[in-house]
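In what follows, subunit A forms one complex with subunit B and a second complex with subunit C.
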Partner chain A sequence: MAKVTVKVCLGTTCFVMGGNNLQELNDIIPEKYGDKVEVMGSNCLGLCSINWEYSKAPYVKVDEEVVTEATVEKVLEVIDKKLA
Partner chain B sequence: MFIDVACSQKKKYNQNAYGDYFASNRFPNMNRVVAVLSDGLGSGIKANILACMTSTMLLKFMENHFDIEKSCEIIMNSLPVCKVRGISYSTFSAIDCFDDGKAKIVEEGNPDFIWIRNGEVLKPEYQTIQSKDFKNRRMKVYNIQLEKYDRIIFCSDGATQVAMGTKKYPLGLERNGLIKIILNKLEQDSEISSKNLSEYLVKQIELIAPNRELKDDTSILSIYCRDPRESLIFTGPPFHGEKDNYYAKTFMEFKGKKAISGGTTANIISRELNIPVIAKLSTNSGKLPGLSEMRGVDLVTEGILTLTKTLEYLENGKPEENAAKILMDFLLDSDVINFLVGAQMNKAHYDPNLPIEIELRKNIIKQMAKVLEEKYLKKVNVQFV
Partner chain C sequence: MAGQAIHLKKEILVRIIKAFLSDDFEEQTRLIPYSMRPKGMEVPYRCCIYKERAIIKDRTIAGLGFPIEEDDETVSLATYAKKAMERKEISDKNLTVLQAACKGCATNRIYVTDLCQGCVARPCTTACKFGAISIVNGRSVIDDSKCKKCKMCVNACPYNAIVKISVPCEDSCPVGAIKKDETGFASIDYDKCINCGRCTVACPFGAVHERSQIVDILKAIKSKKKVIAMIAPSIAGQFPGTIYQLKTAILQAGFDDVYEVAQGADITANTEAKEFVERMEKGKNFMTTSCCAGYNQLIKKHLTEIKPYVSDTKTPLYYTAELVKKELPNAVTVFVSPCVAKRAESFENKNVDFVMNYEELGALFVAKKIQITELEETKYTVESSKQARNFGVTGGVVESVKASLRDEEAIRPFVINGLNKDSIRQLKKFATSGCCDDGCNMVEVMCCEGGCIGGNATINNQKTAKKQLETLLNDSKDIDKI
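Here is the complex of A and B:
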């Protein structure tokens, strides 16, 4: 099974909108999923400046799926669905 | 050519104030630097006051190209008179120097300065000026032309007279002894900074002193003509997107140290030059996003938040361990700082719903340039693109 990739946006907007706390995923994910899921940071994904998504930061990408107004719980939920 | 100036000092043993005083000022826009070292009569607080008055007054006079002869008469007439000796006295060495190497040096009472080029000590010509009011006071005035990699060392007599009266040094280390130590060090480390050389020399002098106890205040003022350390900071996406490639290349071809401050800016350079950029997740970076990595770039940080914090640290000088402190150290380690500032704005930053206010990049860089110039005497160039 292909690895799930999680990209946490660390762009300025996402960071101030709560992305700072999402960095916890760096510890939580390996503990919970081992090497089935890879987590990494990313410079601005560019999502904050697209109108239709305006002000739904912070963003996280789980594979190609965009998680808006992301929280640690929301991201883990999406990962669980992918792995199910 | 950049004129690297640094002074290192040690107090006379058992004294709680320095009797030598060093003052300097740099004028980045005039490519000019002025430095003065003064040795006050006696030691302790009294000497400190005399030396401090002399240095600061002379610095101001020289900065304003005031006639040197008149300046010295004014200073000598203003110094308080010592109760014990009935005289007022302080010696000095001063240099007014331009980036093109043109320099004027004035000495009164301090040991003759040491001018080194290619491992040889030069003997410059000078003009003697006799004081009108004070019989024993004579100034030496030198007009010299410095070349790249030249060094000038000024010292107080504490340095040349150290260990005087001992078997090994009946007359003290003397100027020739000091020259020997300097040349030896330069042979080992020809590119040593002024700061490190002056610290090294003071340490050596202390080691020569019997029981490591200095009998007089000791100062070394070192001047080194070298290539400036240049850095380039690229921050913000260029206003005209079609020029991204041009600016990315310009940035990468820069010879000095390079930093990118801005995730999107880093993405642009990464895209245009096909160099991957890796953002590191870190839970211990404090309240700022952590660093990213990019081959060929010395430092990659987030933009506005980090710059805002860096400016705050530069202004009040109380940095915490985070990306902004690393950026501050990067800036302070340079002599000439170039900012390439992209003028494109990210609308999302100005959403009133953001929990903190995000400043305009342009304003932050303008303020940062001002602080770097005025407080840290750096030469700063800002280009908006």
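Here is the complex of A and C:
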């Protein structure tokens, strides 16, 4: 099975709008999923600049799926769905 | 603070800044509640979209720097925006309560729930020292007029049937300055308030706001004057990237230069070390630090008896601002701050013109689409020491004073990590007895738990902020000895 890739946006907007808590994913994901899921930080994903969408920040991308107003729980839920 | 409430406050700040940068500030400000809650949108929190908009309007009033309490609902946001543009003076009342949001909170009291079994032992009645509990229809009932909220009955009940109904803002305030009055609304007693900002974080409705000076700062940037940002040491770790990239980002946001307040912290540490030696030679038992604005407010309003033991050394901000104004007498100085207490300090210091907190600076970056991690680094004219850059972490100030001395062992530190009822009592005891616990001779006081990195307007959580800060410390030089 292909690896699931999680990209946490480290752009200024995502960080300011609450992305700091998402850094926990760096510890949680390897612990929970081993090498089935890869988590990485990413430069600005460019999602906030489209049509005032900064209000939906922080963003995380799980493969091609965009998680808006991302929280640790929300991201884990999406990963679980992918792996199921 | 509850994630959504803080998200909302930041979003409003971004919108105010965007409105300012547009070609029609007044109209764009008027539209903020409608853009955030457009017609037909699903209502996220309140009863209806109209109330949502009314509350967003109130939050915008605070973002424009005005007190929400004085709004009579007839004045439009466009008028507020105009008034903000015309304003010459800022107020010393730094907080404002959005009372429409705080009404949902029940009064602070002890309450017997339905879980009360009406037991035979009745430990609650014996636990209560004030005779406030009686048995009515086989159940415990509390007489609120006698209850002192000591919680003895809460702890005594084996069924956990008695609960304390909390009012988070009241519980968070270390000095009893915020209270729900007879009408059920919270209000702040400024004679008591030490500006610690705890209530702004504690309220789950996000009802307590800082009165922002962001419009005044943007106005200064737009004028021809030089505007200088002075960034507090705790800022390292609050944004992505290095503090050198952060300097570039602040310059891009429109400031003319950036100074590290850590530069002043080096002076504070050295001066305080000299003062410590002098005081000990004069036979004093202990000395306390003097750089935390919340602590200084506490001394002034609630703890005057400790005054003789407090260091006369000025704060890092004081020395930095003095330096900037000496170099550039006509410049406008803006302190970039982790907390609301520094607004109070700055108001009393003629060398500091405005204060912008980390959330506001973050909002400015968002509005201007500045990507810090993609920027080049810009060096500071003066590189600060490792110890000065660690000033905003609990224990960091006393460490820097220690490191300034040749005989570091001369200092036996006692660290107050956060002001609360217990630590205030402890400080009172030190003041009245004239000596500190455990033979300690230097008391560091920080109002916020964790230090300034735990300030009410910080963006990052303490754990990751500290990690980021440590990377900077590892690359910084040691402080000069006196």
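What we mean here is this: the second predicted complex is superposed on the first by the 81 of 84 C-alpha atoms of A that agree within 3 Å, B and C clash if a C-alpha of one lies under 4 Å from a C-alpha of the other, contacts with A are read in each partner's own complex, and residues count from 1 in each chain.
The rule we apply is simple: contacts are C-beta pairs under 8 Å (C-beta built on N, C-alpha and C of every residue); 3 or more make two chains touch, one makes a residue touch a chain.
Please read these numbers as outputs of a predicted model, since none were measured by experiment.
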| item | value |
| --- | --- |
| Which superposed partner A:Thr5 touches (first subunit B, second subunit C, both, neither) | neither |
| Touched partner set for A:Gln23, first subunit B, second subunit C, both or neither | both |
| Partner chain(s) touched by A:Phe15 [first = subunit B, second = subunit C, both, neither] | both |
| First (subunit B), second (subunit C), both or neither touched by A:Cys44 | both |
| In the superposition, subunit B vs subunit C on subunit A residues touched | B |
| Subunit A positions touched by subunit B in one structure and by subunit C in the second | 10-13, 15-17, 20, 23, 43-44, 48-49, 54-55 |
| Interface residues, subunit C side, partner subunit A - complex | 3, 6-7, 10-11, 14, 35-36, 239-240, 249, 359, 362-363, 365-366, 369-374, 459-461, 464-465 |
| Sites on subunit A touched by subunit B in the complex | 8, 10-13, 15-17, 19-20, 23-27, 39-44, 46, 48-49, 54-55, 57 |
| Interfacial residue positions of subunit A with respect to subunit C in the complex | 10-13, 15-18, 20-21, 23, 43-44, 48-49, 52, 54-55, 69, 71 |
| Residue ranges of subunit B in contact with subunit A within the complex | 263-264, 266-267, 277-283, 285, 287, 289-290, 292, 302-305, 346-349, 351, 353-356, 358 |
